[in-house]
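Below you'll find the structures, each written out as C-alpha cells.
Okay, so chain A shows up in both of these, paired with chain B first and chain C after.
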Partner chain A sequence: MGTFISQLINGLNQSSILLIATMGLVIIFGYMNVTNMAHGSMIMLGGVSAFILMEVLHLPFGIALIGCFIITGIIGMITEKLLIKRLYSKPTETILATYALSIILTELVRIKYPLSQNVHMPLPGAFHIGRVTIPYYNIFILVFSFAVLSLTLLFFRKTTFGKMLGSVTQNRTMTECLGIKTSTIDTLTFGYGAGLAGVSGCVLAPTTGVSYDMGSTYLTDTFMTNVVGGIQSFAGTAISSGIIGEGRTITAGFLNETWAKIIIFMIVIVLIRFRPEGLFTKERR
Partner chain B sequence: MKNGTFKKITAAFAAVSVMLAATSCGGGASSSSSDGDVIKVGVLFSESGSTALVEKTMTNACKMAFDEINEAGGIKGKKIKYIHEDYASDPATATEKIKKLVEQDEVVATVGCYTSASRQATLSTLKDDNALLIYPTYTEGEEVSPNVIYVGNMPNQQATDFIPWILKNVGKKVFLIGSDYVFPKTCNKQARALIEMYGGEVVGEEYAPLGHTDFSTIVNKIKDSGAEVVYSALIGDSNTSFYKDYQQYGMTADTPICSISIDESNLQAIGKEFAEGHYASMPYWSSLDTEASKNFVSKYNSLFNDGTVVTVLTEATYDSCYLLKAALEKVEDPTDTTALINAFGGITFDAPQGEIKVDENNHCTWVYSRFGQIHDGAVDILYTTDKALRPEPWPSVLYPEYADSNFMPSWDDPLCYPQ
Partner chain C sequence: MRKKKNIFSKLPLNRYFDILMLIFLTAFPFFTKEFRVEMMGRYICYAIFAISLDLLWGYTGLLSLGHAVLFGMGGYMIGISYQIQNGVVPAFMQREGITEIPWFYLPLQNPIVASILGILIPALFAALIGYFVFTSKIKGVFFTIITLALAQIFKDFIINVQKYTNGFNGLQSIKRFSVNGSTPLTKTTYYYVVLVIAVLVFIFCLWLTNSRVGKICTSVRENEARLGFLGYNAGAFKILIYTISGALAGLSGVLYAPATSTITTEDIGVTASTMVVIWVAVGGRGNLTGAVFGALLINWAQSILSEHFSSAWQLIIGALLLVVIYFIPNGVIGQIVALQRRIITDRKKNKLMEETPKSKKMAVVK
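Presenting the complex of A and B:
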C-alpha cells in the first residue's frame, strides 16, 4: 500500500511532464493536422534556450520560461513561413520535411553543445509526508502544466483569435471568404504550438539536463499521449497523460521500468485498435 | 488516423531510412592501393548519431597519437596514414565500414568502435578476412576474439579493489542499478559475486531502459531497501536525471552512488551540487596528478577546442594507437596480420595513466584501477593500484574453472568469441 501511494504521487509528476510536453502537439498535430516530427526538437530548443538564458545570461527561471516561449515560438513561425506553409495537406512530404528539420536542428545544436549541459534546479528541496518525498519542483510542474492548459483553453475558447482558429480548422474556404487571413492564423498557431513545446523544454531542463538529443525521448511519448487522448482534445490529452504517466509509474513500482514500458505500450495498442480516434473525440474526421 | 495515411507514413519512414542509409554510404577517404612508404591504419568512430559525442573524443585521440608518431619519424621510417570512417552510431554500418577499411583500403589494423554492439558487428568480418581491431572502450568481458586487442578495462579491473573498499568504508548493504542491456548486467553479475564474497549484501537490483529520465521509482525502491550504498552501471545521459532525482527525492551522499560508468563528460551535465560526495571508478581520471597525465590533458585541450573533454576513453584510445605502433615495430611485414596480433602479447606502453601492458595470453590489457570521490565537479582520486592490474575477461569469481588458465577458455571454445 505504501508503495502504491508513493508511486501514485510520483506518477503525478510524470503525468504533468507528459501533459506539458504534449500540449504543443495538440495544436500542431491535432488542430493544424501537421505531423510534426520536429516536435521533439522544439522541446530540445526550449531546453537549450533555458540553458542559455539561465546559465549563460543568468536570468531568473520565470523570465527563462517566457523567453523560451518567445524564442521557440519565433523559430516555429519562421518554420511555418518557410516550410510547413508549402506542405499543408501533403502528410507524407510533411513527415519527411519535419523529420529532416529535426535532424538539422539537432545537428546544429550538437555543433555548439556536444556535451549535455546542466541547468540548475530553480526550486530545490522537497517536503516529506511519512515515507513519501515530494520535491517542490514536482509540485511546480503539476501546477504549471495545469495553468498552461487552462490558459490555452481560455485562449482558444474565449478570444477572437481562438475562435478564428476554430473556424479555420472547421472550414478553411468559408473562413477565407469571410475575410479572415488564414495564412496569418496558421503562422501564429504554429508559433504558439512551438512556443508551448519550448516552455516544456524549459521546465524539463532542470530535471534532465539539456542535450542535443533530448527531444527524441519525448517524440514517441507525446505522439502516443496525443493519439490516446484524442488528437484535438486538450481535456483528453490531460486525461491520457494521467493514465499513461500513472500507469507507467505504478507498474514500475511493482515490476520494473522496462516492463512498465512494455505493458503500457501493449495497452495503448489495444486501446488504439478499439478507439482509433482516441479516448475523447468531439467529432469523427 | 485513416488507413491511407498510415500507409503513407510507413512509406515515408521507409524512404527516410533509405535516405539515411544512402547518406551514410558516401564520404570517407578514398584511397589508392598500397604505396610503399606509408602504413595504412583504419580509424572507425562515429561522427553522427547517438554516441557521436563520446566517439568524437576518441577520434581526436587517434589524430593526436598518430600525428605525434609521424612527427617523431613514423614506424621504421614509414609514416602512418589513418583513414577515418564514420559508422553513424549504427552497428550495421560498422559492419559495412570495417569491410571497406579491410578489403578496399587494406589497412593493417583498425582502432575503433565504441559500443559493444558495434564491436560485435565487426567480428565476423575480422574473422573472415583475418583482420585486426584494437578496441579501446571499457567493456563487459566474457568475449575474447582472436582478432581483437581489448585496450579498455575489463570489469574486474574496476571492481576487484573498489568493492572491498566500499564494503569496508561505506556500507555493506548494496543496491545494484544499471541500464537495461548487456554491459551493466554483466558487470553487476560480477559485482554481486564480489559483494557476497566480501561479506556484503545485495538488497536490490534494478535496471532502467536506455535513455530513461524518470528515476523517482528507482530512488524510492532504493530508499525502501535500506541500502547503505548504490552501485551503479547506468550509462549516458540517464545519469544526469538519476543523480538529480536521487537528491530531489530525499537521498544524500550519505548513501553514496558508486559508479563504474561515469566519466568527466557526465559530471558537467549532472552538476556540481548533485554529484558532490559520490564515488566513481575508472583506470584513468583527467585529474590524475602526474606529469604524463597533465601533459596529455593540456596537449589535448590545446589541440581540440570542440567542447569535448578528456576521459578514460580518450586516454585508452591514445594508448591503443601507441600499442599498435609498438606492435608494428616488432614485425617484419606490417601486412602479416597473424604476426602483428602475436606481436601484441607482452607489449608495454608508458601511458598517461601509468605503464600498461597487453596480456600475453588473452588479448586484454593490464590497466590501473583508480577510484575517487567527486568533489567540486572533478574526481579526487582516493585510491590507485601501484601497478597495472591483470585483466580477467572471464572473472575468477564467476568462472573458477578458468582461474588457473590465464582466465581464458581454449580458443576453439565457442565461449571465446560468441557470434
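Presenting the complex of A and C:
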C-alpha cells in the first residue's frame, strides 16, 4: 500500500511538471495557432539558463526563475520577429521552421555543454508520513505550477493585454481596425509563452539535471497533454496533465517506463479519435 | 514530326532530369570502386524512402516526422530473418536465457517471407494509425505530432525489448538475400537489383500520382473542405496514401538492411525521420524527382562534408532547412520546374499577342 501511495505522489509530481511545461504551449499552440516544435528547446534553454544563473553566477533560485523567464522570453520574441512572423498562414512551413530552430538550438547547447549538468536543489529535505517520503521541492513544484496557472488565467481574463490577445485570436481584422497593433501583441504573446517554457525548464533543472536533449521528450509529452485537454483550455490542460502524469507513473509501477509510454500513447490516439476537440472542451458549433 | 516535338516540349524539365539520373546511376558501377557502389546502393534505398514520404507529404500534404518507424519495421524484419537462419538461436537471445526461437519469429526464417512481411506490416501499421488519426476531425497538424511521438516511442520500444531485438547494438551480418544457404548476391549485382526496384517504384508512383486517386490526393492537399463538398471521403484517401507510403517505406527498409548489412536504432528514431524530411524539402516536394535528387545529394554531401565538420553536421542540417524554407520553398527541383512553367506560359502569351490582330488582342489578354 505504501508503495502505491508513493507512486500516486510521484504521479502528482509528474503531473505538475507536465502542467507547467504545457502552459506555454496552450498560449502558443492554442491561442496563437503556431505549431511550435521548438517548445521543447525553449524548456531546455530555460534549464540551461537556470544552470548558468545558479551554478556559474551563483544567484539565488528566485532570481534564477525570473531570469529564465526573461531570457527565454526574449529569445521567443526574437524567434517570432525573425522566423514565425512570415509564416502565420503556412502551418507546414511553421512546423519545419520551428523544428529547424530546435535542431539548431539543441546543437548549439550540445557544443557548449556536451554532458548533462547538475543544478543544486534549492529546497533540500523531505518530510515523512509513515513509509512515504515527499521531498519539499515536489510540493514546491505543485504549488508553483498552480500559482503560474492562476496567474496566467488572471493575466488573460483581467488585464487589458489579455483581453487584447483574446480579441486578436477571435477576429484579427476587427482588432486591427480598433487601433490595436496586432503584430506587437503577437510578439509579446509568443514571448510570454516561451518565457513560461523557460520557467518550467528552470523548475525542472534541479530534479532532472540539464542536458541538451531534455527538450525532445517534453516536446511530444506537452503536445499530447495539450491536445487531450483541449488546446485552448487551461483547466483542461491541468486535468489532462493530471491524468497523463498519474497514468504513466502508475503504469510504470506495474510494467516499466517504456511500456507506460506506449500504453498512454495508444490511449491518447484512441481518445482523440473520439474526442478530437479534447476531453474537457464543450462542443462548439 | 511536329506532334512528337510537342510532346517533348510539354514534358516538364524534371523528367529529363530523371532520365539523366537514371543513366548516371546505371553507369555508376563502371567507373568507381566497389565501396562507392555499396554506398550508392544505400543511397538509392534512401531515395525510395524519400519517394514514399513525397507521396505522403508532397502530394497529400501530410507531414510525417516519424516515417523512419515504417522504414525500420521493414529493416528489422529482414534483419531478424538473418539472425535466426537454420533455427540457430542468436547470441543476444541466448544471453537473455531464450533457448528456442519465439513462435512469432518462426515465419521470418525464410528471407522471402520476411521481405513480404517487411512490406505488409508497415503498411498495416500505417493503416491502423491512419484510421485513428484521419477519420476524426482532428487538425492536420496533429498527424505530425503523433508521428513524432511514434518515432520516439518506437525507438524506446526497440531498445526496451532487447531480448528480441538486441537493443542499442542493432542487428548485424544481414546477408544480401541468400536464400536457403545459397551465396549472397555480389555488391554490384545487389546494386542493380536495388536500382531496378527503385525504377519500378518510381514508375508506380508516377502512375499513381497521375491517376484519379493521385489527383484526389493532391486536392486533399489543396482544399480538403471543398473535396468533402464534392462528395469524396478525404479521410479514406488519406488512409490509402499513408498505407501505400508505409508499404514503400517498409520496402526501402527491406532493401536497406542488406545493403549495409546492419540495422540499428539509429536508423529508426527521430533523427532518421528528420533526415528524410530534409531530403524531400531540399530536393523539392510534389514532383518525385526532388525526393530522389535530395536523397542522393544530401547523402553524398554528408559523406564528403561530415569528414571535416562531423561535430557541426546537425547544425548545418538545421541551417540548411531554414534556408530552404525561407528562400527556396519549392526545393531545388521544384524551383526549376516552376521557372520552366513560367517561361512556357510567358512564351505562349507573347506568341498569342504577336499572332493575333490588334482588334482581338483584348480578348486574349482576358
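As a convention for this text, the second predicted complex is superposed on the first by the 280 of 285 C-alpha atoms of A that agree within 3 Å, B and C clash if a C-alpha of one lies under 4 Å from a C-alpha of the other, contacts with A are read in each partner's own complex, and residues count from 1 in each chain.
To be clear about the criterion, contacts are C-beta pairs under 8 Å (C-beta built on N, C-alpha and C of every residue); 3 or more make two chains touch, one makes a residue touch a chain.
Keep in mind it's a predicted model, so treat the numbers as computed, not measured.
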* chain B versus chain C as contact partner of A:V270, first or second or both or neither -> second
* To do: Have a look at where A:I95 lands relative to chain B and chain C in the superposition and call it first, second, both or neither.
  => both
* To do: Examine A:R131 and indicate which partner it touches, taking first as chain B and second as chain C; both and neither are also allowed.
  => first
* Once the shared chain is lined up, is A:T169 touching chain B (first), chain C (second), both, or neither of them? -> neither
* Asked: Is A:T182 in contact with chain B, with chain C, with both, or with neither (first, second, both, neither)?
  -> neither
* To do: Figure out whether A:L108 sits in contact with chain B (first) or chain C (second), or with both, or with neither.
  => second
* Identify the partner contact of A:T258: answer first if only chain B is touched, second if only chain C is, both if each is, neither if none is. => both
* Partner chain(s) touched by A:H120 [first = chain B, second = chain C, both, neither] -> first
* Name the contact category of A:F223: first (chain B only), second (chain C only), both, or neither. => second
* To do: Find the residues of chain A that appear in the contact set with chain B and again in the contact set with chain C.
  => 35, 91-92, 95-96, 99, 107, 110, 216-217, 227, 256, 258, 261, 276
* Asked: In the complex of these two chains, what residues of chain A are touching chain C?
  -> 35, 37, 83, 86-87, 91-93, 95-97, 99-101, 103-104, 106-108, 110-111, 216-217, 219-220, 223-224, 227, 256, 258-259, 261-262, 265, 269-270, 272-274, 276-277
* Structure fact -> As the complex stands, chain B meets chain A at residues 1, 5, 8-9, 11-13, 15-16, 48, 50, 52-53, 56, 180, 206-209, 211-214, 216-218, 220-221, 223-224, 237, 240-241, 244-245, 248-250, 265, 268-271, 273, 306-309
* Structure fact -> Interface with chain A, chain C side, in the complex: residues 61, 63, 65, 129, 132-133, 135-138, 140-142, 144-146, 148-150, 152-153, 156-157, 159-160, 270, 274, 277, 281, 311-312, 314-315, 317-319, 321-322, 325-326, 329
* **Complex interface listing, chain A residues touching chain B** => 2-3, 6-7, 10, 13-14, 17, 35, 91-92, 95-96, 99, 107, 110, 112-118, 120-121, 124, 126, 128, 131, 133, 135, 137-138, 206-209, 211, 213-214, 216-217, 227, 249, 252-253, 256-258, 261, 276
